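Pasting a structure here, questions to come.
Should a chain be cited, it is by its letter among A, B and C, assigned in written order, with residues numbered from 1 in that chain.
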Amino acid sequence: MNAAGRIAQDRAGLAVRESLAGRRNRSVAAGVFLGYLLLSTVVGLIALGVLLVTILQDGLPYLDAMLFTNSPSANPERAGARPAIIASILVAVVLIATALPIAVGTAVYLEEFAPKGNRLIDLIELNIQNLAAVPSIIFGILGLAFLVRGLDLGPVLLAGALILGLQMLPTVIIASREALRAVPDSVRQGGMALGATRWQVVWREVLPAAIPGIATGSILGMSRAIGETAPLLMVGAATFVSFNPGLLTQYTVLPILIYQWIKLPQEMFQGLAAAAIIVLLVILVAMNGFAIWMRNRYERKW
Amino acid sequence: MDPTSDSTAAPPVTAPGTPSAGLATLSVEDRTASGSVPIEEREVVFDCQGVGVRYNGKRALRDVDLRIHANAVTALIGPSGCGKSTFIRCLNRMNDLIPGAAVDGAVAYHGEDLYDPQVDPIEVRKRIGMVFQKPNPFPKSIYDNIAFGPRVLGMKDQLDDRVEQALKRAALWDEVKDRLKEGALGLSGGQQQRLCIARALAVEPDVILMDEPCSALDPISTSAIEDLMLSLTDEYTVVIVTHNMQQAARVADMTAFFSVDQGETGARCGVLVEVDRTERIFTNPANERTEAYVTGRFG
Amino acid sequence: MREGFQEELDALSASVLEEGRVAAHAVSEATRALVDWSVDAFDATLAAEADLKRRYVDTEAHVETVLARQAPVASDLRTVLAVLHINRSLERAAHNAARVAHLATPPPRRALVEEAVITDALRAMGERGAEMLRTSVDAFDRRDPGADRLLAALDELVDRENEKIAETILSIDINDPELRQWASRMLFAGRWLERVGDHAVNVGERVTYMVTGEAPIVEHTG
């Protein structure tokens, strides 16, 4: 390279250096914003950490076999949470048997079969969206009026579970529709182009492909329902149940038992409540964890 | 210095009854055999008269008069929005699936009106297979992808044979025979597209429609698909929409050029400008608009 | 659209026009060398032939590049193919001109009627041949679809002059060896000049093909 060429090269290098340096001003603003975001996250994490530490400190000494085997008792030395744990499991079973198929069916209909631009369908969709925003206590009132009194079921587990299922419906429907919508149209077209009916395409291709997403949404919806308290108070979940509950008996569930124990004056019950919270937390974290694992395991890149 | 000396070479010697070389691609004898009947005299598979399509009342394509002959590749070329993809979807009633789409005019398939109320679109799509722009294998195993069509159509006897035959026909067998149970999404793009072709072949169609089948593929995969198209013409009628004019020039026997017209209201609408033998379209097209398009001078 | 490609096609067309001018010049000079025994014209003919040979090689390389990079179709393809053929024909025409120039010899008897008839016919053929070459590339430039017929008609005149030479040679005194030797050289000169006309006809046919796309071409040898 001759001298002139070298000078030209240096000049071009300098221009590039200057133009690259110009970007630093913007990166300062970006840094400030990043700091703000980090701070926000740390605040949330600290709150969660404090809560967890407190609960663990209070509850761990009471987390023993008796908590799982014994019934609630006025004597804190012998009190356990067995009926509540069983009831919570039963509620989950009822949710899987009732709310889940209805929600998935609704989602499949709306996403795959419902005529687009139909007013009735639009109305239904709007209502599902609204239903997701209704406060849970309202569902409780509905359950009380319609199931407990209207159908005269009485304050039994089934009534409570059904109302939780109703409350869970919009969440699962919306999640399932998202999962169905994530299956590309090319899969449907490919199937239809082979002479399959719409039903065959949905049943054999679209639904299987959407199952991981549907399952994730369902588990998240169910874990919310398991942790729910307010509507169950409305439909008459008893606070003191010392027998193993059935579908048509009185019942209590973990959150209500926790609520009950905390209200009691003896200090030992505070510890028991903390222990029950740990149990509930473990169940919920396990369910959420499973949902996240499912999502990552079956997530598809189209 | 005689420029004519080479043109008087003896015609190629073809020995009748010579066994073919057994290659995946068609042997010379086969090509010349199918080429012995001029394409215009072969059976008419689709006879389209005044075919048009509207989407929600808005006209997207009008007045297409086109004959598609058997055992040949017919390419539909033209600029974006010329209605070529819209047209190919008229041929297997895929437009039925688009809300607001309405087809007018007449499409006769082997002489039968494809849009007769008595005709079941499901049956139509069984006989007239389709391959799409982006490979769209189902998210399941290679085997299950091919078996999907026969299963939903109740052709469940000798399923293994059907799968093997379809994969062989699509020149994919050797590459996947040891991993039929593996997921189809793990195949390369070109393999996925050949899988989609095999999937269409598995239901024993008569026609294969391909809507820009190579637009998402690299050149090597593209030439594999092109070889496949040529080899398919011994049994099937192939119709292909392509953006790639060179591809049409390479594979098609007949080429139809679609373009966009400004209607009286100023609305843009697709029309068929010219259809002719491919060599004619690419050496001496009759229509100026075709000339402008194939030479790349289209505005 | 495709402006770069259009520029390349224009450049190819321009080189054909230039080659036509050089080839016509070579034929004119060769004719002058043949019938006027001009040494300058002889040198000019060989210079023109060498010039055209270089242009021929360059044009062919350019055509190769355009085919490889632009993959022309339809009228573009026909234009490029026509350029390829015309390029060859013009180069051959100039080569024939050089052969003609090499045959230049003064007639031994100088005053003979037959000598004058032959010389005049050769002059007419040469001038006509140069004119045909100019006409053919002009038709190329104008994209004249009737170029083939136009040049075939002109070629008739050249052929007629050539026949006149052959007939005249038959009537000369075969006992005059010098005259006989000169006549046979002139017979060859007439043959090469006649070929020049054929090359011009080939150009005309290529022009017609290029413009119309109609393929029936009867190649004239030469």
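Things to note:
Here is the rule we go by: contacts are C-beta pairs under 8 Å (C-beta built on N, C-alpha and C of every residue); 3 or more make two chains touch, one makes a residue touch a chain.
Source: prediction; values computed, not measured.
In terms of inter-chain touching, the protein chains here are arranged end to end in an open line.
For subunit A, the chain whose average C-alpha position is most distant is C. Comparing each chain's Cα centroid with the centroid of every protein Cα atom identifies chain B as the most central. Look at where the CA atoms of subunit A average out and do the same for subunit C: the two points lie 90 Å apart.
Centre-to-centre separation of subunit A and subunit B, using mean CA positions: 48 Å. Among all residues of subunit A, none touch two or more other chains.
Residue positions of subunit B touching 2 or more other chains: none. Subunit A makes touch with subunit B in their complex at residues 115-117, 184, 186-187, 189-197, 200, 204-205, 208-209, 300-301.
Residue ranges on subunit B touching subunit A, taken from their complex, read 92, 94, 97, 99, 122-123, 125-126, 129-130, 132, 134, 136-140, 148-149, 151-153, 185, 196, 199-200, 203.
On the side of subunit C, the complex with subunit B involves touching residues 1-2, 5, 71-78, 85, 88, 92, 202, 212-214, 219, 221-222.
Only residues 1-4, 245-246, 249, 281-285, 290-291, 294-299 of subunit B touch subunit C when the two sit together in their complex.
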